[in-house]
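The data blocks that follow each hold one structure.
One chain, chain A, appears in both complexes that follow, with chain B as partner in the first and chain C in the second.
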Partner chain A sequence: MLEINDLHVSVGDRQILKGLNLKVAAGEVAAIMGPNGTGKSTLSYVIAGREGYSITQGEILLNGVNLLDLPPHLRASSGVFLAFQYPVEIPGVACMQFLKAAMNAQRRSRGEDEINTPEFIKRVREESEKLKIHQEMLRRPLNSGFSGGEKKRLEILQMALLQPKLSILDETDSGLDIDALKTVSEGVNSLRRPDRAFLIITHYQRLLDYIKPDTVHVMAQGRIQKSGGPELALELEKHGYQDYVSNEAA
Partner chain B sequence: MSLNTLETHLPFSLNYAQASAEEMSLERQEAWGRYKNLGLPSHRLESWRYTDFRSACSNSFEPSDTIIDPIELVREHDSFRLVFINGFLRHELSDLNLMPDGVIIESIYDNRNHLNQSVSLNSNVFSNLIADSIVDLNTALAVDSYLIKIEKNIHLTKPIEILNVFSKKCSVFTRILIELSTNSRIKVIETIKNNSSEGVQINHVLSTKLARDAELNLFSYLSGSGLSCTGISTLLSEVGRGASLSSNLLVDLNGFFRRQVFAKLAEEHANIALKGIVLAKDKGHIDNTITIEHCAPNTTSNEVFRYILNDNSVGVFQGKIIVRPEAQKSDGFMQSKAILLSDLATMNSKPELEIFADDVKCSHGSTCGEINKEQLFYLMSRGLNEQEAMSLLIEAFAFEAFSELNDDMISDFTKNILADWLYAERQMS
Partner chain C sequence: MAALQETVTQVATLDASAYKYGFTTDIESEKAPKGLNEDIVRFISAKKNEPQWLTQWRLAAYQRWLTMSEPSWARVHYPKIDYQDLYYYSAPKSTPGPKTIDEVDPELLRTYEKLGIPLREQEILAGVQTRKVAVDAVFDSVSVATTFKEELAKAGVIFCPISEAVHTHPELVQKYLGSVVPVTDNYFATLNSAVFSDGSFVYIPKGVRCPMELSTYFRINEQNTGQFERTLIIADSDSYVSYLEGCTAPKRDENQLHAAVVELVALDNAQIKYSTVQNWYPGDSDGKGGIYNFVTKRGDCRGENSHISWTQVETGSAITWKYPSCILRGNNSQGEFYSIAVSNGHQQVDSGTKMIHLGKNTKSRIISKGISAGRSQNTYRGLVSAHRKAAGSRNFTQCDSLLIGHSCSAHTIPYIEAKNNHLQFEHEATTSKISDEQLFYAMQRGLSAEDATALIVNGFVREVLQQLPMEFAVEAQKLISISLEGSVG
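Our next item is the complex of A and B:
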């Protein structure tokens, strides 16, 4: 489903991704782990299409289409979803208004009919109950004054409503207490399907206790250094990233 | 509208009312005298430094006349309507005979063009502080002017609409007085609509006086697709004990325009809220200049303005809050924010606080910048294209000014105007 080949990305003079290769199959949950400052968030932003990165080499294919040729909104409508590490506060835009605008924008891009209001409200209600989101929260402005947990739950709610093919979770576990972590993880697990892939970016093994990955990739110094099964995450938890960082330095 | 041309225009203006210059009423003579001393405001005056009105009015137009243009008007609001075309009340288009009990409308001037005995023009709401030659000019020259008086305890839910339409090249002086008696409550929609393709010069004054516990909800809409509208709309207000003036302004006008407010919180627990959304494009120049005087204890004022500026347009916000020594426990808040959609757009913002009491709460804030890129990317990453995302952000930004607006009719109306404006800007870009 997702295929990243030889991706080189820099910000200003600094090269951040230095020939990154990664494959994620449909139905797969892939975890990317790595130390701070290694380019994990850059990778997620570059896939989603944020401005400010210069891509000097490589390609990002989603089902054969090079995402780098598409503006962010068309990446979204072709199935990419990024759950932000720091969801952006937008005062003045009500959650419900935003959710409906997003769903309809994607539907329009795909040439589908817009969702009608009763159907929309029903879907939001179903999905938000699963995530223990109060209806009151959805009447507030988008992410405005939300707690860390509320913001992350709203990200997962968006994911559930938009039903992306590829979901990228950028440190979704950061700032969550244990209960919220469980709720969010259950939300993600309920969305797992053979035709969807997940890319989970995290520092810690903890999240992977709740969302079981199929593959684990160690990222350091702008590249995937090692790939393996879930056992790799446990190994990292024990030994840290030291080996991978020093490898590069040598 | 240079001084000389105005002097030659003056007799013509008075011809409407079959009076000669010598018969000018005392109020008019005095106002004219003050105007002659001061002249049109120069940008060397601090309160006019960003708006060079004198240059903008270097070409003076003929005063408006009563020649009736056929005109088609769509009824945009469910209201009791007073329609003025080029400054003259058009009875056949107005709802004068439909006004509810407790609403009295009378001409300010008698048939000799003298001020009616019962009327006080209320030109200078401040004790001794404002010398505004624009208001003086209006006092001297306004012709077809009316007083709307609301009697005690009258509560109207249907708004009174004052619709000023300009359809030809002319210079127009209009004046409306609104007096709210004790515990009366009304909504007023004030619309200035420029349809003139050759330009128009407007000097409009709305003077309001609120007695004890009265409540005036004013929505002012300055609009027009016509070209080169040059003008000033002045809101004068004196707010009595426990009374409340709420003014929401929406500007979507091509031209050079200043809306100035002189308001006085005259008695305890008086309250003023002034909110505004300004949409400007091309070479538009839109100025909001506000002076609020807190004269009594426990009075509150609140100003929130949002500017959305495209192309070469210029926005000006000047807010001055004066707190008199006796006005302890006053609460004043002032905020203006601008989004510049073009590199060539300009925003000038100047807050002024003059506080002479020691137990008050006064604050101000001002920002000016581009659309927030983080917010834009967030929305786009969810599937909204750039224009949709921008529109959503701009609408949200603008509506911060109307966040306390509790009127669906005005809110929906404003949303539609904003959507049309954004759509038009999108087509242009």
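Our next item is the complex of A and C:
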């Protein structure tokens, strides 16, 4: 489903990704772990199409289509979803209004009919109940004055409604207490399907206790240094990232 | 960054092509000779067959105007206006005061149709619009049609061109004209007093709730012609009226002057809600052409518990100089000002309000949202003052500015004068930019850069849009996205 080949990215003079390769198959949950400042968030932004990064080499293919040729909104409608580490506030725009605008924008660009209001409300109600989101919260302006847990749950609600092919979760566990972490993880787990892939970016093992990955990739110095199964995450928890960092330096 | 850049580029390419009301109507008109002198003032007065008191009133205003100079304190810049190079009166030739809509020149009817303003009552009744709105259509210097007059008359409501009211209700006109904006008020208001041509007159009798929205639609068509309309609305005790005003003009390379005066009077327990969607031609992308909108609007809460609210959505004009104000004279009276001012291209806006608290326990509320894009300048200028007798008065002011791009600017200039110690005045102001984070977030969810910008701007102005009557709110929302994105609506 997702195939990243030899990706080189820099910001200004600083090279951040230095020939990154990664493959995630349909149905797979892949975890990317690594120390701070190693380019994990950069990777998620570059896949989603945020401006400000210069891509000097490489390609990012989603089901064979090079995402680098598409503006961010068309990447979204072709199935890329990024759950933000720091979801953004948009004052005066109610969550419901935003959700509907997003769903319809994606439908329109795929040539589908817009969702009608009763159907939309029904779907939002179903999904928000699973995530323990109150209807009252959805009438408030997007993320304005939301707690960390509310913001993250709203990200997962959007994921559930937009039904992306590839979901990237960027440090979704940061700022969550244990109850919120469970709710969010259950939300993600319920979305797992053979035709969907997940890329979970984290630097703690904790989240992976709740969302079981199929593969774990260690990222350091702008590259994937090692790939393996879930046991790799446990190993990292014990020994830290030291080996990978010093390898590169040497 | 580039997402924002894209929006900025779109905004920069916005020019006259986005203005969809820029057509001209080819219709023969009768004009007064160019220039301004006593004879022209007399000519206009004679055209309207006015009583002598009004002719004298105009002449006194003209004499006064000669002694005044153009105000220069506003944050706007424009070449000196040659007042002798303007026409002060222009009327479509074919309409010597049509009695019914069928006598109106079909060319004019088509013009208003193009503008989306139905003047045929049966069309309105047939469901072109969901709610009945009575319209007074003013074309250059004269009113060409007023709808639903009979139905309104049944309720006792008077809604007609002011030139007609001078003859049919002289006592009301004489009593109230100039009582809120005196002849000597300011340069443009004084000029208007001398040469005003037409406008709407509204009187709501005691205890009457006006059965429908009233609306005036202004259109400047002629070249080099100033439009000087005069609106007078009186809400007698315990009455209510909601009034809407819209305006457009053709694309012209020259600047056109629009100097209107609007006076509102609310007596005991009366309420007037006055909404404006101002969409005069803003000029092209080089800043050529466009309307100079120098307007004096003021409401007098003369009675106890009276209530006046101004809601304005300003997207047009090359230059806007406009401060719809409330004089809170009656005890417990209330004034409100809700404003959205969008400026783009080379537009200059200096707008705001004055809330003059004279009576006890008077309340006022100001919500101003300025959006600047392109190379525009957007200034909020406001005065909140309390007389020493205005004990227990309260004001809340919130001024928010939103910047799009790097070449525009926003300014907030609030004046507060308190002459007694029993007041509560609050002022809040913010300036923000549409951030790259917000744009990227919305785009990541599937919205294009344009739609994302529109959505964010929409959220920014929501509080004010909610104050507009439903149909107007939808219209205003569309207008804002058109003026900001250059997309064809």
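Just so we're on the same page, the second predicted complex is superposed on the first by the 250 of 250 C-alpha atoms of A that agree within 3 Å, B and C clash if a C-alpha of one lies under 4 Å from a C-alpha of the other, contacts with A are read in each partner's own complex, and residues count from 1 in each chain.
Quick note on the criterion: a residue touches a chain if its C-beta (ideal position, glycine included) is under 8 Å from a C-beta of that chain, and two chains touch if they have at least 3 such contacts.
Just so it is clear, the structure is predicted and the values come from calculations on it, not from any experiment.
Once chain A of one complex is fitted onto chain A of the other, the partner contacts of A:87 extend to both chain B and chain C. Of the two partner chains placed around the shared chain by superposition, chain B and chain C are both touched by A:106. Within the superposed three-chain model, A:51 lies in touch with chain B and with chain C [touch as defined at top].
In the superposition on chain A, no contact is made by A:228 with either chain B or chain C. Overlap of the chain B and chain C interfaces on chain A comprises residues 48-51, 71-73, 75-77, 81-82, 84, 87-88, 90-93, 97-98, 101-103, 105-106, 109, 141, 158, 162.
Those residues of chain A that touch chain C in the shared complex are 48-52, 71-73, 75-77, 80-82, 84, 87-93, 97-98, 101-103, 105-106, 109, 141-142, 158, 162.
For chain A in complex with chain B, the residues that touch the partner chain are 48-51, 71-73, 75-77, 81-82, 84, 87-88, 90-93, 97-98, 101-103, 105-106, 109, 141, 158, 162. Residue ranges on chain B touching chain A, taken from their complex, read 373-375, 377-386, 388-389, 392-393, 395-397, 399-400, 403.
In the complex of the two chains, the chain C residues touching chain A come out as 1-3, 435-438, 440-449, 451-452, 455-456, 458-463.
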